[in-house]
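The first chain written gets the first letter, and so on, giving A, B, C and D; residue counts start at 1 in each chain.
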Amino acid sequence: MSKWIEEELEPGLRAFYGLKKVLNSCQSKWQSVDVVDLECFGRTLMIDGLIQSCQIDEHVYHESLVHPAMLTHACPKSVYIGGGGEGSTAREVLRHASVEKCVMVDIDGDVVRFCKDALPENAEAFADPRLELVIDDAKAVLEKGGTYDVIIMDLDDPLEGGPCYQLYTTEFYQMIKSKLNPGGVFVTQSGQAGSKRHHLVWSPVHSTLRTVFPSVRSYNQAIYSFMDEWGWNIAFLDAAMGTLLTEEQVNQRISERIKGELKFLDGESYRGLFCLSKAHRETLAKETRVLSTEKGTYATMHSQGLCIAES
Amino acid sequence: MSKWIEEELEPGLRAFYGLKKVLNSCQSKWQSVDVVDLECFGRTLMIDGLIQSCQIDEHVYHESLVHPAMLTHACPKSVYIGGGGEGSTAREVLRHASVEKCVMVDIDGDVVRFCKDALPENAEAFADPRLELVIDDAKAVLEKGGTYDVIIMDLDDPLEGGPCYQLYTTEFYQMIKSKLNPGGVFVTQSGQAGSKRHHLVWSPVHSTLRTVFPSVRSYNQAIYSFMDEWGWNIAFLDAAMGTLLTEEQVNQRISERIKGELKFLDGESYRGLFCLSKAHRETLAKETRVLSTEKGTYATMHSQGLCIAES
Amino acid sequence: MSKWIEEELEPGLRAFYGLKKVLNSCQSKWQSVDVVDLECFGRTLMIDGLIQSCQIDEHVYHESLVHPAMLTHACPKSVYIGGGGEGSTAREVLRHASVEKCVMVDIDGDVVRFCKDALPENAEAFADPRLELVIDDAKAVLEKGGTYDVIIMDLDDPLEGGPCYQLYTTEFYQMIKSKLNPGGVFVTQSGQAGSKRHHLVWSPVHSTLRTVFPSVRSYNQAIYSFMDEWGWNIAFLDAAMGTLLTEEQVNQRISERIKGELKFLDGESYRGLFCLSKAHRETLAKETRVLSTEKGTYATMHSQGLCIAES
Amino acid sequence: MSKWIEEELEPGLRAFYGLKKVLNSCQSKWQSVDVVDLECFGRTLMIDGLIQSCQIDEHVYHESLVHPAMLTHACPKSVYIGGGGEGSTAREVLRHASVEKCVMVDIDGDVVRFCKDALPENAEAFADPRLELVIDDAKAVLEKGGTYDVIIMDLDDPLEGGPCYQLYTTEFYQMIKSKLNPGGVFVTQSGQAGSKRHHLVWSPVHSTLRTVFPSVRSYNQAIYSFMDEWGWNIAFLDAAMGTLLTEEQVNQRISERIKGELKFLDGESYRGLFCLSKAHRETLAKETRVLSTEKGTYATMHSQGLCIAES
């Protein structure tokens, strides 16, 4: 049988992935979750029919999300992860020897249970006593109390009608700022960031963060199985921390702080993450949109084209 | 009508591009050539059914191919382009005010004529009196005589049975070396260069060049419409030139030497091109394969998976 | 280039037709029209992205639509065609030597002009002095006046929101009945009629006609390029005419009345059209839905699944 | 997830079936076998990636294959089935009260075991004491001994390199003739039989049978999930039996002989099976190709286009 999974990457662009086998599926209250074996990308986690992470390169995404924030911080002891139910983000966080507590809050308990079983590479992280796993709303839990050295938002894209678009707003970022310890760092995944689509989410998230934090940096990295570059935004309580580390500093901190070998990130990779193209930097410089719950300006999704609805 | 062009990116991975219109087609002696309007990528040149360059991001590819070599050279006056029938490579070369002569040699006169008509953005380049256009074999013409400051190979991938695989070998690179003026620079496109497939062509071309030139650098850049990172290898007659320019040097040389505004490249983009991931650098470090006409070791294509046949 | 046209045949069933060439396209006030060359079906007329008729088997559809009605009539002199802008229905009608006048009323003048140019096999029909071509609403023109021996409705399926669903109702059929001369025959295309989908349009049109005419027969025939059996309903003013002709009668009338050779229809094919499967006849026997403008019960389309909305 | 199974129906024509679930899979010595749940066709048996039979209409195929032969025979007591591992052919045979013994010979024991488990509608047939199931070569077993009232070949198409092409030859049909009791009937599935592709297998099998049997009839029927008409050839030892039964005879014999209700076949459906179009009959009349093991003329498959290789 010639079996395929189809994904619409954008209107007029579809990918077909050769499907070797559906390994495991579940339907949670919130979403449908599948682990499949794809000919091109290996074992792959799909949520609501969209690729979340693939065996061949999930490490590129997760190392890029976690380590720049963790390495920039002087000594991260407490970390908050919003989302991240798959467990890979926690896995990367817990490799940092300094971490004493990692609170991971995902709204979908079924996904977490499912991934615990289906993804053996994260089993150690799920069993780590430093991990405090909470099945609840990432915003509500954070509001309730506690402060952190590093806060990481590993959320879905802000899809129209989805559960997450309110977690990409100036109001949410104000609240996050108030939960960071001095010297704290915040990082959020920020959607596609290649030459065509980086203005959909990545740049408005950047401009929104700039209304809240004294220093913000956007970065991006090609992820083969996402068929585009992906983007993140990192923000610092202390403006001075916005200065990039040197490659040597990165390499030294990795060797001092992180257990095991990273596959993707080191000093030079880190430098590459923050080298943006001329066109990307021009977009950031011109970006004035601010996402706001109050003003009703969200980055929302329209047939997989994300656009800002300004009311 | 729901019209689509299908491309097999690798076994088990197919892309479908929404086809608005076939704008122009021709069948040359060597290949079939089409200019189509794609919903996702705009006006697109396809050769033998594979995307060559797209309106939305051909500048990323061509600026990355041409300007690092041209800007590194002290003052490039004479340039040789092998392939490049589309005209975009010549266009970027001719933006450099120092250039007095640009010899472009493509074997397919029909493609060149077709692109002259179909791609208005390259009309000025084709009309530039400094351009010497030769319809012939890129190797034969170079062997016959002449030396150059910069040599650029903008060839097809070394497909099995294709016309180009002999132009990715140590013997060919020896000949090229002999045609470079002192201080000369050579650069060649080198195929896919993302995390999954950079070992197919990019790294063996690197190791092959290292057998010939005292200094070689590999670099890569995500190209959205190629749905992967793309790779190049640059080689220097003078080992000292292998040291990267600073971002400031790049910006200054661009402003002094290049007519008009670049869209993609500047100092920071240039720096990013040469920041390779840890995994990429490990591949390059371990790569020992040398492509050779004499030894019959080519990088050849097997249903779009390129592999080295070592005899 | 690997070019394809995609058609959704029903939810969960898609066909991809290899596209050799788009031969001609136009956008009328009402619909988009294309003549394409398909690898599997030859030259093909598509309207709004759906296959209308293909070189390899349009004769099966048009001979089945036209000749059973025409041959059953004692001597058809005047014929009314609603729709049929492509010209093939008129072509088959005009092969009958008895015909003195054929009025063809299609709302889309652009389609008619386009098909005149694009479909050479219908040129003779369009030039026939017996053809009276009117660009107008098929219902309005018929209401205005004139009576006919045979009335043929060659309309689009009754798509929700489309122009035709009111032309598949008891009220419309009452009007048609009043425009038939004594001994008159009415036939209408009635959509898909294979084992899975014959209840969507074919059987409710049958039951609706039975509320108006004393004798009605449904028939069907596999059309390869439609990837299903297709259906028609024929109705007679005179109940006695509902008795099928014998195969010999059909063959004799064909030889006496029709110019040239039919490719599909003869006595045995005719017999086959009216041999319905046990399951099809059970559906017809149980069908009680009546389509009515007044009652607001239409056969309408829902993502290509046609269903009856009963208000 | 948007999951699809792709089938190439002919070059330039592909179908995509929405895949709800893979229910069961096995790899036998001979072929890969899957039972899948398709959105459009329900539970479906696929062999080597090609649809074999679907819940929604397998009865149309199997009633058409079995009952015309069984009903024409005066009183079938012994029946031989070559192939038919799925069990549906045996199921239809065993509905005939006259049958005392049904020998079913399929080469692939794994397929038989798999279908026994996966297809509950055939469980009763597999448990019927009159069924003698043999896992072996259908030709070898028949040669060894025994004669039958009805012989049914429910084989794969004669694919090039496949296991079955020698079972569509004059030599094989000679042997079969010798294994029929007086008054015996033979029927074989004969591939696609729509307007485009009925000359590939259906008509050469017809002409081949005519070299062996005094009376042969070809018939066909649209099968929705096969996306074409399908064809069979039936042959009679006694020329007089080639005269079709009347519709009344068929209905009477069904009511006298068959347990339970048929869904597709009755007198009128039977009549329809044997009403061939003018074009089909012309193909049969002109067909002169004879398939022969000795002469090396097979109907063989070329990328799903079946063609006759005449040596």
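To be clear about the criterion, a residue touches a chain if its C-beta (ideal position, glycine included) is under 8 Å from a C-beta of that chain, and two chains touch if they have at least 3 such contacts.
A quick note: this is a predicted structure, and the numbers were derived from the prediction, not measured.
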Check: Counting one step per pair of touching chains, how few steps separate subunit B from subunit D?
Finding: 2
Next item on the list: Look at both sides of the subunit C and subunit D contact and report whether the same residue positions are involved, with over half shared, or different ones.
Entry: same
Note to self: Please tell me the distance, in whole Å, between the geometric centres of subunit A and subunit C computed from their C-alpha atoms.
What the structure shows: 56
Next item on the list: Express in whole angstrom the distance between the two chain centres, defined as the mean CA positions of subunit A and subunit B.
Entry: 34
Item checked: Interface hub residues of subunit A, defined as touching at least two other chains -> 4, 16
Notebook entry, point to check: Linking chains that touch, what shape results: line, ring, star, complete or other?
Noted result: ring
Checklist line | Every chain pair meeting the contact rule | finding: A-B, A-D, B-C, C-D
Item checked: Touching residues (chain side subunit C, partner subunit D) in the complex -> 4, 9-18, 38-40, 56-57, 60, 194-197, 222, 224, 227-229, 262-266, 268-269, 271-272, 275-279, 281
Next item on the list: Name, in rising order, each residue of subunit C that touches subunit B in their complex.
Entry: 1-7, 16, 19, 21-22, 32, 34, 36, 46, 49
